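What follows is a group of structures, each given as structure tokens.
Each of the next two complexes has chain A plus one more chain, namely chain B in the first and chain C in the second.
And now, the complex of A and B:
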């Protein structure tokens, strides 16, 4: 079988990292938000906001690092609308989430058209951090241990979030805000502050994921480039049942499906790309069928908290 | 069961103790009603201060102002003699006011320790071991045993409330509010809570206990204040309470609560046996019924109910009563056995077919499976007949017929509602129950299952509901009365079945020794 050549495998594994990182960040962000009881359907929009602003700032300042900061800012910008409408004003989370996604799609496409439609600038390749020794492992080494710093950061977030959820009061407060906000309120903590924090942090993570797609993944910003990654993030968060490690596993699985497209082309296999691009979504449905039945979501998910209301 | 005989008052309340919280002319208005109308009240350390009142008397509003959830529109609140608003729950905690609500305020997915550490500085790591130790100590001090590492969701409501009180002590509470805290407890847990509040008061804490159960108020209270329609209509001082015996005190309170009219005189009455016709064919017959659904599987349930008879089903809550009712109404599948109604097997029928045969189920989950809270009351009255003539014709709503039906039921069942278009969720528990009764008892009912029909209702509504149950039997229907209140079962039922762990432990006639026999069956003495 000539399919599993070194080139193919390196492309596949590198692809898992490249397509998995935005999913991981989206899933972790959504998980954080859902834990606190805010069903954030707008993360697709936050991702686009991050992708656009990240790309724009990286291009304007010629600094990748500032670009990522911009991506975080872009995500927070869109998330702050979510926090205002859904947490502060208690409007319907799903409606606002959809509106934010559609709004961000339109706004970024318009801005891109105005600024870049004739230039189509491309960012230079992002420099990588080579981890000594590990990077020398054949196949896996160059694919996983010679990567952009953001990749390591995204993976490091997993244990950090595990720690926050299990070992800090913040983790308890987040869980209480999602499961029984009235209990948190009567314990003297402000539910709206905790939920706002969760939504903005979600925006930051998701925005970083978006910036990764435009700055590292593509090197350009293309309208609608997030391509449903945010929605897969929602699925990941739902399947992971509050566990960051499961988000990582899920992101790797879906990342593999996404990267298979590229890898199969590298290997010269002739399958229509449309079919290959369906893979992650087919995988979503299969995983949902297998594991989605017992998914346990926070009790107060999606419900605005109004003090003293039955 | 809770006995009305008063245990000794362990607390020695002294009127000398200064009030911790004083209400002066406190008024709270909601659209359309005055929930609290210039209330003057003092809450002193070392006292169990009972707030008594019917549903809608304004007890909950008063509590929400004490706990910082609501702000008064008028009047002054004094803390330790100084005017100071209680502007938020955090504020209340700072003052030392802790509230234990009827519905547990613990996060079910966290352990008790984690719940106890909620609300501390967010960047700190929860000190689980240390908090667990402190929790154990606090629990021991008030004579409560609990496992701090237990997951809250696994505990009974009584245990959760004890944990909440312990948590309040750990936070340095000196003012404890128990809001309808006994409403959902088993009689034993309620009695234990009563003793606990007296111990706390003896330690110098101010305890505010909200209830609408008279016997609890008299048994545990040092001071009683009675609210009616948002106003404080009187009360009993510690001196008065001590000088009166339980019966006199109860009578006094009843006079305050209902004006001159007395309450139902309790369990003296016996059901009227003349309505039962045991020579006729039984209306309902259960043959070796089994069901595995739910946490408590039903096993080998057999009984008959004759026309005009009330069969009481006694037992501690959660021993399969709900599953039995759901299985009979067709809402839950049975795995084996048969159900016969008027000679026909109904166990394969759908819910609608059973209803058409005359099977009626008055659920205790009034706002859950009973009604749709956001629908107008008039539609909720027809919830099980949607699409049927004369209220719907060719799929179209006939508003006049629906309104006419609602107006008639409002009259017949004395439903107190601002309008027939009011969403039912906005009505009080007693009125929601009346709507359910009106819906289930209209038409030709053959078998009516009442599940905890008076749970959470005030005395007037309890009396009205019990009258309805009697009338239902007198009209010839077979009645199954599921209740955890033994007094209620003894007052209404002709026979009593005792349920335990999904089985019927025995069925006794309601004669003189019935209470004793039921007790034996419930405690497993007699097999």
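And now, the complex of A and C:
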């Protein structure tokens, strides 16, 4: 029986989107937060919050659209704690980020235990939007252009964020909040408001990514299901150094390598599984390290801003 | 003289009896409580649930209190181990392969006996035992069943990692398939390194195997197995019919929507009972523990999806294994699995 049939290739390419979209949203969210000077280590927790609340609302209302809104809300809920403790109170961003992740892991696992652990409800397949003409391209078309609306939204966010960063006052304010917050303050803008906006926006994007994992990716919520995707998002954002397009490329490369790893295993290529599974991590790090050598991170990244302090 | 001799003999016997009594009480250790740690909640119809349920059943049977610490995740459990050690349990069962470094370390530090998985060489007299439970005999039967039920001639194995327990079951499943029909194709894929809770990964990889022609999926994972189940429920086989799922460890019948073909069921109660009895007999740490078909600690689940004639054939193979005329050797290494599942 021939392995590389159209059906198998479509499944592999569709897998790139399934695994890449949460990473893209996580990376874009982290990048937004870092631009404003907040190193958001808590995005794994925000992703879990989005995955849980998104799944819960989609299941309770039988509406995936509302589920995605719930996912955004779940991410914002966890992010609001990050904004409170790190932006408003100036506490250590790394410590709070780790605490939020651990807290979200415990809280969502407990909620799952109470609500779902006896029934493990699963969601039906999410309806897709078929893009005319493009969806007719052999193999690639059905895999990439007959997808859930969130996939298109995630990709559309890339040029939108590029525009915001380069062409708008908001983009300038975000950059200033991360590079020279005192200068932004002197110019009459409120650094804490800008940073709070960035952290909550990050929560919204990451929460949407989490909801994508539970509603589309798995169709079920289980404890710890984000499985480090938030941390990979941080790596993508750090290596992409402020460029949304590079986050997209990194996420796509990671997803492609995951699919390639599956293909190699299914094909029975006899090399150690650990080597195959290193592929995505090694490939993304090599490409982004080479590509991002000349870019820089915000000067005030990770530092709390307190007016008057130098 | 006779009186003196009698008195001396009585003293000697009394002294020997006292010494024997003291010696016996010093050797036989009283155990009133045990503790078990699990990475996820004990309601997963799988690894965690079987561990906790098994420990509770063993505790009930032998009059031992069971302390459960569940949902601890896959990170560092040293703080939890230290807290549990303060309760002075007679045994700590660290029910995750990721705990098999921390548990012996804290056990030594606190002077508490520990049981771990996936590390048989860690056996230490009076201190550490391993129970790398392998349902390979049941997995072999599952392979025979899959071979008799597949329509496409292709079966798939999806695992959430390659720990020894998973490897031995993957290998035995493949052997069972090939024994029943050498012409069948076996596709094999691992979701990721220790992807036990990666439900999305489980669904993605299972969909790929179904796209590669598999209409029976043998899935091994904790939380990730729910993603596999979701893939089976939402993805039709190449012929448009149902894809069937064979699970491991637990029984997902209560949440099944008609896609669960079978499960290699584990019952860890005899294992934990044996540990407690070995502690009481001062033999703890002299042997490791396993599960098998003969004592009922491994069994194959019969679902309504299995025709009676097929089930009867599978049970004939089970009888051969129990009788010892068919021996299934466990293969705990990943290389053995890869050698059996070449893809074509």
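One rule holds in what follows: the second predicted complex is superposed on the first by the 266 of 310 C-alpha atoms of A that agree within 3 Å, B and C clash if a C-alpha of one lies under 4 Å from a C-alpha of the other, contacts with A are read in each partner's own complex, and residues count from 1 in each chain.
Basically, contacts are C-beta pairs under 8 Å (C-beta built on N, C-alpha and C of every residue); 3 or more make two chains touch, one makes a residue touch a chain.
Bear in mind the structure is a predicted one, so any value in this text is a computation, not a measurement.
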Which partner does A:225 reach: the first (chain B), the second (chain C), both, or neither? second
Identify the partner contact of A:273: answer first if only chain B is touched, second if only chain C is, both if each is, neither if none is. second
First, second, both or neither for A:124, with chain B first and chain C second: second
Which partner does A:61 reach: the first (chain B), the second (chain C), both, or neither? neither
Using the touch definition from the top, say if A:169 reaches chain B (first), chain C (second), both or neither. first
Once the structures are superposed on A, label A:7 by its partner contacts, choosing first (chain B), second (chain C), both or neither. second
If you stack the two complexes on chain A, which partner ends up touching A:187: first (chain B), second (chain C), both, or neither? first
Most chain A residues touched (candidates chain B, chain C): C
Could you give the residue numbers on chain A that contact chain B in one complex and chain C in the other? none
Within the complex, which stretch of chain C touches chain A? 40-41, 43-45, 71, 73-74, 153-154, 162, 185, 187-190, 192-193, 195, 197-205, 207-213, 223-224, 226-227, 229-230, 233-234, 238, 254-255, 334, 338-339, 341-344
Which residues of chain B touch chain A once you look at their complex with the stated criterion? 64, 67, 69-70, 88-90, 93-94, 99, 101, 105-110, 114-115, 117-126, 425
In the complex, chain A touches chain C at residues 1, 3, 5, 7-8, 10-12, 14-15, 18-19, 22, 105-106, 109-110, 112-113, 117-120, 122, 124-125, 213-214, 217-225, 227, 258-259, 262-263, 265-270, 272-274, 277
For chain A, which residues are in contact with chain B within the complex? 167-170, 172-173, 175-176, 179-180, 182-190, 299, 307-308, 310
